[in-house]
């Protein structure tokens, strides 16, 4: 038999264009599905467009000041309004929520993937999904009527004894319900399931080979987790946190129940006060005139802000997933 | 189930005759003529690759493979892992182009016609060149019967007697006797070896001219392997079979021809040697072939 | 066919609307009303997302505040007075011995100065003067006000503007509303919050009532019906004739006899503040339904009625109900029924809506108690507790021990709770007892103000705990270290 | 005697010996843990209640937990060394983390059930709130109008979401368009879109312009709510269906294509049937998520106490709005109504979830269809 | 623990002598004495299983396996797929219990002590009985050096000269020369065969008494396979090696002893025969063994 290595030294042959003549059904199929896919893009653009349209008068009135003004007062004789106070409130609540939620999520995810038995694992995975399906309204309701009063003595105690730590400082005689801290706490409960399920998913993709290797080398379970699971899941943790942040930023009902919704820059998080964009909007559903436009502008800011957060989150997560394929 | 009465008479495989009103003259169900409407020409076809090359992205993984796979014979492709056997096989029925980064060079002639010629529809090629995969993959949402008929439904063919086709195909895949009482059980409920034979039956139902098999037994236990090998030997007389295998014994047992692929490090895979199976195994021309078939590597 | 009509607006009129729409439903008139706030009602009415509005504020005040009004004018409207009500001044204060005060008396000037941020502490002499001469604890006054726009705010601050013009002007100036038209009032106090006044903002009437009920050192304004609903104390306000009154129906009715109604029926209230009738509760006002109307010679704000006949039918039926039947319960829930002339005005409004000639009301065809010479059940005020003592400066007759205080304050508490239409004063007294029982307890709420000042660990106890903790932990640590050393 | 001994001992079918325990923790470990817990709680009581003012059970818990962890570490380190102690410590913390996730849920459920159940009457499902005044006892009236509203709005949203979501998911999985990546990123981003923005969007784009012109269609209505809910639900459903489709083994697609099927045919006959239960689950979960959405409804359905069967005109109530409105008031009876609504809402979500689980479980189980025999044909 | 003196005489595989005076003048770093602090006793150990049975859930997959794996020798476990070789191997270092449904019976004696005795910690057992897996699984995020030292870190051991330990371990795994210039490169950047040897080095670094290997070459190319086999042969003189392999040639090449596992259908796996490798391959007692080693099935 001839050995077909004759071309070994030659340049490789020319590539052939592969031309498949798709059937008519396939052409229609492609068009229809592409149409479906594009709806989402269109929808987002349309949302952005209409919000911009409605907020234009307010933005024109306030100019750049809209982003640098804390107060939101459309009823003064020269209205002064801006999104800064609400935005900082939104971010504060979201950050508090994420700071509380992420450690717990990581622990819970670890428990589900690496500590629980198979049966419990299945059960918990389902439970986390169920938790994620519980409306934020109910969390808000619970936080508002049950948790906040329970937390109040603790914050009071904290502010009484640790007011020298800036974080825990409060004004004299301040009201301690309706604080950013309590809102953040409740929102953290809401983002918990989401972050947990994302982080769990990433943890669950940890190559079992590496986990076994760590154990086979005489590592404890913690050693295994620390040297394999956590480094592998780092991207997932960050991504989950970002996504949780996105959720927390947009959370409406709970914060509208829990915060007084007065835009200001809150430095004393234990004390009543503050607003978030979404909560403020929910509060002022019937506003009209310039106020409505200004509120729409605030909504637009929230829209863009969460989009940015979610974009980065999904990119981080997809990065971390593609990283998972490296060793495959 | 009213077909149990009739089932009792279908012992064709054991040589017992049975009557059939419409197809009265057929001695065995599997021999009844079932007409497919709208299908491709029936019968084995010769497959020939000319100077086939393949890339994934910019990496050339297969270079200048010219191979003749004669009609009604079993050609085995052997070689160490990663030398491009699967890639070559997938080029033969235009599955290669499903990988987004893949491209290729050369020609593949099916009964003299280039399957990559302009205007040729991949769908049509695949209808004529069937494929069985390494891991049995029956459609889990379908019953055994529907699995066999899936090809018809998917390719939009019609058939004048579906039950007969099912029986015939399963018979040819050597599965009829094992499943005839539970044709409506889901395809996923079979054992691995049965599933693989179901996949073979599914491929046979659309009457391909060529059947490609990519390590069809590597996921199976020894008994199932035996059974599938037997099936291959039987259908080898009717359609052209190209099989990839890692198992030298298997290649020896089932194939008429053999092609040895090898890829040196950082080089594309090439056909080192091909010829009748006995020759490749007994007195290969190339020392690398000798080493390989004698288990010196891999 | 009848079609549902949906209203938004004033929370002031909310409890009355609840009563009316429930009854209307039984008559087959589907009416829905969502209490938010008056500007909201006017705004939604203008946007046509509401079929009618409920309001105390006028369109002009919205226009002045820059939150719309223009669309409302475009749609066209008429003010239809629907009920008379009053804004109560609610508070929650304890006296020096920690007991709830339930007798607070304030005159117009003091109220004006408190809500203009001029008086900021409960111990202020102006408050002391009208409350028995013994100062309340030196705590900051926390104003509880509505966040967002509110017609009640506009009404209340109209009173403040008349009661204490000077402090009010300063207040408006500092709050960034100084350039308001002379006769328009703030519908939104957030400017004041920003300016640093000690204010707690809350979204709606019920939150305000609840907040004041639960939080000491607070004072706020809210529709009286909510005070009744939530059992919160209301201030005894001094009227132009020098009498001390609370906003019961007879007081509201008396007050509004001094109201001046403009041709479009909108109200001008200075006459109310100055009303010399001894029963007058000065912070009284009419509430309005804002409804569409067909152009009429006496209304230049009318444009057109509903496009749907069904809505016209429902709305006219509803207004018809309010005018007579609907006024029956008003006194009991904290409002005052409309006088006969205004009930008739409602019918005139209906005629502007439907185009039919107005129905003429009389005692025979109208159940409104004012047609029958009364105001309905629950209309009379309980007596001023200080009358029995001989005047507002006669609270303490000497002695400053808990004994004597209990004695003196027990009187008004008992009398007001017995007559406060059975609402929750009783529970407030209950609170008192509990607080007394817990006097000086570890309950953080009751902790002396001094406790707030001591930073760091709470004194000796914490250190003891730390020492104990260290004592337990140290041996373990030492043993661990020792082992480690020996292992080397 | 001999015969007895000769009896075969059956070496082929030996009974295997008893299974051996390979538990990670010994009874001693458990005892130590228990001891630490007891001692930590005692210490906490001593410190917080005898020496200091305890600010409540929450603080007790935190302090006791911290002490417990410290003790646990020290004791285990003493017994088994640093590594094992650390492992033990982390195990405990991780376990607590899981509790931290689950306990709030438990509290929440118990709270709502305790608050809502005593006032739940059958009337709740047949009456509305139109003839109820706030001070009436909470057993007066019901939530029929809210339930109807929720049903209508969600069902209509489904009409939009299911086809669109499926198409998009198919687009993402089964085509090779260059737009796939941006679409996927956008879907991801959109699934985090604050739901209030969806409501605001409908308000800004449809209701304001429409209502001012006097349209009764482009005004507060169930249908407007449905559009907002669609915006909320679409990305969720798309994403989950996308995941489900991704789970369909590529082998099946290849098998189908290798049989000569077109792309469309492969999707229709192989991919979707295989993923059917997953898709159903995804849709049900989408419903569960959207049933509790409140924020977008504030701007679209706007709520009502009247029963409104017509989703195309007039304000409409929905359960979440019902709850939101009533729990904010301070009248006890109103609040109780709110809790009843919350209870019903949670029951609906649980039922949906259970259905999803049941559907999801029978992945392979399939009703056998009767064969068409040759005789009958 | 100062029981590392035995280590000092570790032979250079290539027979090169070396000195180890204070690490200063040694020609090869691998010969320097490295003391591990806190580790288990060093040196090969005899492993013996007595009547070992294993279940997954309620399914018995392994029954009454009694096998002696002598110190300093290489024992190969052979048998068709699914007969429980991996399961058995994993029982030997208590990895079996990581599968949630798994349970077992019998005893495993490591130098005479039951590793499943009460109070024995799995972690300690695994430290003494190392394992190398089918698929090379270095920690991809760690550098090569850190990979080698990972075991120390994980097991909480200390070492007075880490560089020397790294060199020694890599040397023994036959990887030193290839990677000594890029010790800080990530472990994932090596080729498959190198990765596998890295895993071997990693296991050797903690000085196990026994090294278990589950098809260590099945994922590797021929060249790498050779290299790993060589490594096995070398370390086989120092530690007890138990290796599972599907490749008869490999078993013949590397092992001193051989055990043939077989599981009949629906029966648990059993040891059919064991003994010196030559005997098993040349003249097995059991006909099934004969069939298997001669490629009659599998």
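Here the chain labels run A, B, C, D and E in written order, and each chain numbers its own residues starting at 1.
Methods note: contacts are C-beta pairs under 8 Å (C-beta built on N, C-alpha and C of every residue); 3 or more make two chains touch, one makes a residue touch a chain.
Chains and their UniProt names: A = Phosphate transport system permease protein; B, E = Phosphate ABC transporter ATP-binding protein; D = Phosphate transport system permease protein PstA.
Since we're looking at a predicted model, the values are computed, not measured.
*Asks:* Please report the minimal path length, in steps, between chain B and chain C on the chain touch graph.
*Replies:* So the least number of steps between the two chains is 2.
*Asks:* Given the two chain pairs C-D and A-D, which is bridged by the higher number of C-beta pairs in contact?
*Replies:* Of C-D and A-D, it is A-D that has more C-beta pairs in contact.
*Asks:* Taking each chain's centre as the mean of its Cα atoms, which chain lies farthest from chain B?
*Replies:* C
*Asks:* Where centres are the averaged C-alpha coordinates, which chain has the largest centre distance to chain E?
*Replies:* C
*Asks:* Whole-Å distance, chain B centre to chain D centre, using C-alpha means?
*Replies:* Each chain reduced to its C-alpha mean, chain B and chain D end up 46 Å apart.
*Asks:* I'd like the Å distance between the centres of chain A and chain B, where a centre is the mean of that chain's Cα atoms.
*Replies:* Once rounded, the distance between the two centres reads 50 Å.
*Asks:* How many angstrom lie between the centres of chain B and chain E, each centre taken as the mean Cα position?
*Replies:* 40
*Asks:* Which whole number of Å gives the spacing of the CA centres of chain C and chain E?
*Replies:* From the centre of chain C to the centre of chain E is 82 Å.
*Asks:* What are the residues of chain E that contact at least two other chains?
*Replies:* Residues 123, 155-156.
*Asks:* What are the residue numbers in chain C that touch two or more other chains?
*Replies:* Those would be 47, 71, 203, 444, 458, 462.
*Asks:* What parts of chain D, by residue number, touch at least two of the other chains?
*Replies:* 53, 55, 83-84, 208, 262, 265, 302, 328
*Asks:* List the residues on chain D that touch chain C in their complex, please.
*Replies:* By the definition above, chain D touches chain C via 43, 46-48, 51-53, 55, 67, 70, 74-75, 77-78, 130-135, 207-208, 211-212, 214, 216, 219-220, 302-306, 308, 314-315, 328-331.
*Asks:* Within their complex, state which residues of chain D touch chain A.
*Replies:* 53, 55-59, 83-84, 86-87, 89-91, 93-98, 100-102, 104-105, 107-108, 111-112, 163-164, 166-168, 170-172, 174-175, 177, 179-180, 182-183, 185-198, 200-201, 204-205, 208, 231, 234-235, 238, 262-265, 267, 285, 288-289, 291-295, 298-299, 302, 320, 323-324, 327-328, 335, 338, 342, 345-346, 349-350, 352-353, 357
*Asks:* Using the touch definition up top, name the residues of chain A that touch chain E in the complex.
*Replies:* Per the touch definition, chain A meets chain E at residues 117-119, 207, 209-210, 212-220, 223-224, 227-228, 231-232, 326-327.
*Asks:* Using the touch definition up top, name the residues of chain E that touch chain D in the complex.
*Replies:* The contact residues of chain E facing chain D are 51, 53, 55, 60, 63-64, 94, 96-97, 103-106, 116, 118-119, 121-123, 155-156.
*Asks:* In their shared complex, at which residues does chain A touch chain D?
*Replies:* Touching chain D from chain A are residues 22-23, 25-26, 28-30, 32-41, 43-44, 46-47, 50-51, 53-54, 103-108, 110-112, 115-116, 124, 126-139, 141-142, 144-146, 150-151, 153-154, 156-158, 189, 192-193, 196, 220-223, 225, 243, 246-247, 249-253, 257, 278, 281-282, 285, 292, 296, 299, 302-303, 306-307, 309-311, 313-315.
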